[in-house]
Amino acid sequence: MKKYLGTKILVYILTFVFAVTLDWLIPRFMPGNPILVLVSRFSGLPESARVMYSYLTKAFGLDQPLWSQYVNFWIALFKGDLGISIYLYPRPVLEVLKMAIPYSLGLMIPSILLSWIVGNNLGAIAARRKRLDSIMLPIMYFITGAPYLWLGMLLAYFLGVVWDIFPIAGAYSFSLRPHLSWLFVGDFLKHWILPFLSLFIVQIGGWAIGMRNMVIYELENNYVRYLETLGVKRKLIRKYAFRNAILPQVTGLALQLGTVIAGQVTTEVVFSYPGIGYILTQGILNQDYFLIQGCFLFIIIGVLIANFTVDLVYMALDPRIRFSYGGEV
Amino acid sequence: MSEIMFFAFRNAKLRMGLIIVLFFLLLGIFGPMISKYQDPLDYVGQGYQPPSKEHWLGTTTFGQDVFTQLVYGIRSSFFVGLVGGGIATIIGLVIGFLAGYEGGWLDELLMMLTNILLVIPTLALLIIVAAYLPYRGVFIQSIIIGLTAWPWTARAVRSQTLSLRTREFVNLARISGRSHMKIILYEVLPNMMSYVFMVFILQFGGAILAAVGLDFIGLGPSRGISIGLMLQNAVLWNAIQLGMWWWAIPPGLVITLVVGALYFMNVGLDEVFNPRLREM
Amino acid sequence: MLEVEGLKLYYKTLKGHVKAVDDVSFDVNDGELLGLAGESGCGKSTLGNGLILLKPPMNYFGGMVQLDHTQLPIDDFERMNDFRFSKLSIIPQYAMDALNPTRKIGVYIREVLQSRGIDPESIMDKLLERLKFVNLPERVLKMYPIELSGGMKQRMVMVMSTLLNPSLLIADEVTSALDVSSQKAVCLMIKGFKDAGIVKSLIFITHDISVLYQIADRIMIMYAGKVAEIGKTQQIASNPVHPYTKMLMFSLPEVGIRYAHGILSGIPGQPPQLLNPPTGCLFKERCPLRGKECDEEPPVVNVEEGHIAYCWKVTQNA
Amino acid sequence: MLKATNLSKAYSVGSLGREKFYAVDNVNFEIQEREIVSLIGESGSGKTTIGKLILRLTKPTSGKIVFNDLDITMLKSLKEYYKHVQGIFQDPFSSYNPIFKVDRVFDMVREEFYPSESVNSWKEKVTGVIESIGLNPKEVLGKFPHQLSGGQLQRLLIARALLMETKFLVADEIISMLDASTRIDILNILVKLKERGLSVLFITHDLSLGYYISDKTVILYRGSIMEYGDTEKIFNNSAHPYTKMLLNSIPSLHQKWSNTDASLSGRSAPVGYCKFYDRCPLGDERCKNIELRKVEENHFAACKNV
């Protein structure tokens, strides 16, 4: 068990180092040297831009040797200094991201957990009802094939425009300021529901398919065969198969995270929902490289935390993981 | 072999998936020839027009023909799928084979790299690379998608290789004096062809989806048209709010159908290749 | 007591029916251990499994099975549940992965018993006594299957299968994955279930006739889905009459026989395809005694008291 | 002809691989020309690992293997070695690449070892060798592996070894997956190979098979040699309690098991002790650091009572 966790933690630490290094490396070594392009954009321009120019030269430390640029990058990182946003000048990137993160998590965590629960149950039901399976399976495949953003647009068009039930932009009405009241919470939820649904629905497809296949696979296992020779009720067999099939689905949570994040980013854009994804896109459109880099780091850290949580949950659930295997000397 | 063909032909999922994919492939290839307008970005008529005889899928805010854009977009999607998916499959194969067959420190190293890249979300990686590119074209985009999408394939191929490596025919090839390279190419690979094909289909679909996402958030090709760019423009110019469904809905629908059909084909192929899954 | 009459179990495939068990009749008396031997593909495992768990692709095509004079509805999956575990059970070939890997063994047993409507507490004493019987410590109940060795898991399944004192126990290739040294212990243990009166009758399926010589009361030899010969252990060992049994015995090396002393030889050829098998005796292609009559279904010949063979070339003794 | 000295192979186990498990533990043996040696052991005895070490399908952790004055332990280019030392494995169906015809195993030998040989003359050689081991070339060539029986497939692999200048053959459990009625014929072929001048290392778990064909016998338990010597001597005058227990446990067709206690496989013995210590009726504190001792001419056993 220690070995399992140890290896995982090592991978996560290396991942973080790798990501930070990449984050530092790419702007400096991409063909055409984007930093120089960026810096030159501000040279010889009016006052405010001149401030920007000197800031950029300093921030990238272009006058220093590479290794010290790299070390400084790490030091700044640990101080929480992710630079200044250009698009929202002069707000620090960290502050911008801090504002955005609750919105992203508020969409993401419920959509992942609920779709996981609903999808797995749907899949388990499909695995034992052939009729339902033959109808549901094709639908599920097309649902997982749908780009999140398109499902978002579809929902926005029908529920937001044609039937005009839900608002389709922002996290709350322009007339309101964030505060704790029924009015605001109601308004917030109304804005939240459509982006949530588009994330929720697409994810259900994947979980349902995965669970269906896993349950069918489990039902062919020898332990199920033996239970059948003992004449136990179908209920117990299904319970065992479901519990064992759910284990790979827990690991699947970590593996799916990448696609879900991609979906999250685009969905936020469709609904102008002010989370990390929306901020990131604004950063891209405005060539705000500090902001882009900051978003990247935030996403990585989030993913690492999520992966680690999944590992802990998995270890608690599966006794088999406690026994490690060796290799050749 | 003939048995496989028999089951392939009998498999409804495979047939249905293939028909949908082929339909759009042909549309992507011949669509630009049958559409009335040469340049998808040209202003060819009045804006805000719903579908009509003149404009099969209406026009955009700027009076561009949506159908023309769509067929060009499909063409570019298939291109990204082919190149991006192809590159990802090949890299995944090479790394998976090396790690799985050679084992030892090479395996440890390659798998460490693979696991790291698996943790990092592909889109995040794509963004950080694409955002700094001075010029972006469909080809470059396909390549970076291919360069970032291989890790799961490498891991899957490795575990397949590991299990094949313990088969005695690999040992027999070794005591027949075959080099590692030849064993991988002549003994291991042929046994995995069906699997490789399935991996490619998944990578193909994955690359198409990745490109749509990238284009949509503003990291698409600097010139030209794609499904993702169409969607981006639709959202940017409030096509939804203005009720222009012909602009907002069809591009995504095409992607959904193509990718869904690819997944469907994949399941069908799995049933064809794995007798255990065949329905009696 | 088990009586089987004309049992036919076929596998349905696209190309037709594979006649894995074809018109097989035999019985097992109370207090008796019947050894069932044959080479791979002879239908012995299909027979053993079909008696307790008949499900696709295996299909029932006729015949009758009676256990303690009650007819078993072997082709009715649901109704068979009344008999499984309580009246007949199996120690399967896959015993080493027959337990749910994610449940502690004690919990598992409890849940299985509850599912059968039996109060686990009422059986606790018996369970502990059985664990002792197969040499397992009590603490295995608090362990997961993965913490047990393969042999321990197999013995755990032995405990499980015999917990309700079934009338008939089927042991399917239980020794094929074991080492020589544990093989003896496990064989004696299984025979012990019968000797201790825990189960009334036993069917022991194996490909190894010499194991049966050690523990079986009677031996049934199968070939290509049909019975070749049935007899008391001593009769089969010292006086095999079916040409197949004879040749098979002559192909088995034993300690004490060396190449230099005289060469043993195998049976030329291979067993026939069971998908659309030829008519008549299925051993005829490999049989040195083959005659014209062998194209017809071979008759049952009563060789001596309790010893029968299905062959044209065997003559009745007295 | 082939000599293994202090041969060991270890695997790492336990958390973070700190502990080592010796699959083969300091094993010494020698095989002469025209000799069949049985390597007899139960599962986990390391018998298959020894076969793999000789075929260099895996490298030893320590010790060495010398074949006709050539140390092959760490040899880089093995082609010349494989010309003389060949192997056949347990599972006949897995020994052939399922998607190719069986002929391929012969073609592979020509491509790798005799590229100058013309396709036609090679074909003649192949047919000749196949006939010499009692198969009809027309019935087996051009077939896919699943169309042939296990016995036929194993015979074809023997034929393959004969196409080379094989002097030494490792036969790893080659008949354990075959049906009883066809096994013995393969054993008979192995003896004929000896008459042709080959040496065979016959790896098996079945004592009766070893007794049937071999000149010498090695009894292996948990990676160590328990008893070693002329086959007749080992079986008729066994000196090690483990060998005795094995002989007591094998089922025979005409003799019932004696009443000696049957033993279930036990845990591992403490370090330094005889590997059989915990199951041995004679086990006590003297069972430490036991080397092979001479019982009689050509007969050794690793037990304190020798």
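Chains: A, B, C and D, in written order; residue numbering restarts at 1 for each.
We adopt the following convention: contacts are C-beta pairs under 8 Å (C-beta built on N, C-alpha and C of every residue); 3 or more make two chains touch, one makes a residue touch a chain.
These numbers come from a predicted model, not from an experiment.
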*Could you tell me which chain's Cα centre is nearest to the average position of every protein Cα atom shown?*
B
*Count the C-beta pairs in contact for C-D and for B-D, then report the pair with the higher count.*
C-D
*Relative to chain D, which chain has the most distant C-alpha mean position?*
A
_Approximate Å spacing (C-alpha centroids) for the pair chain C, chain D_ = 31
_Separation of mean Cα positions, chain D and chain B [Å, integer]_ = 50
*Averaging only over C-alpha atoms, locate the centres of chain A and chain B and give their separation in whole Å.*
21
*CA centroid of chain B to CA centroid of chain C, Å*: 52
*chain A residues touching chain B - in the complex, by the definition given at the top*: 11-12, 14-15, 18-19, 22-23, 26-27, 30-32, 34, 37, 137-138, 141-147, 149-151, 153-154, 156-157, 160-162, 168, 220, 255, 257-259, 261-262, 265-266, 269-270, 277, 280-281, 284-285, 289, 292-293, 295-296, 299-300, 303-304, 307, 328
*asked:* So in the complex, the part of chain A that touches chain C is made up of which residues?
replied: 221-223, 225-233, 235-236, 240, 243-244, 247, 317-320, 323
*chain D touches which residues of chain C in the complex?*
39-40, 135, 149, 151, 179-185, 187-188, 207-211, 213-214, 237-238, 247-249, 251-259, 263-267, 270
*Which residues of chain B touch chain A in the complex?*
13, 16, 103, 112, 115-116, 118-125, 127-129, 131-135, 152, 205, 209-210, 212-213, 216-219, 231, 234-235, 240-241, 243, 245, 248-249, 251-253, 255-264, 267, 276
*Going by the contact rule at the top, pick out the chain C residues touching chain A in the complex.*
52-53, 55, 80-86, 89-90, 92, 94, 97-103, 111-112, 115-116, 144, 146-147, 157, 160-161
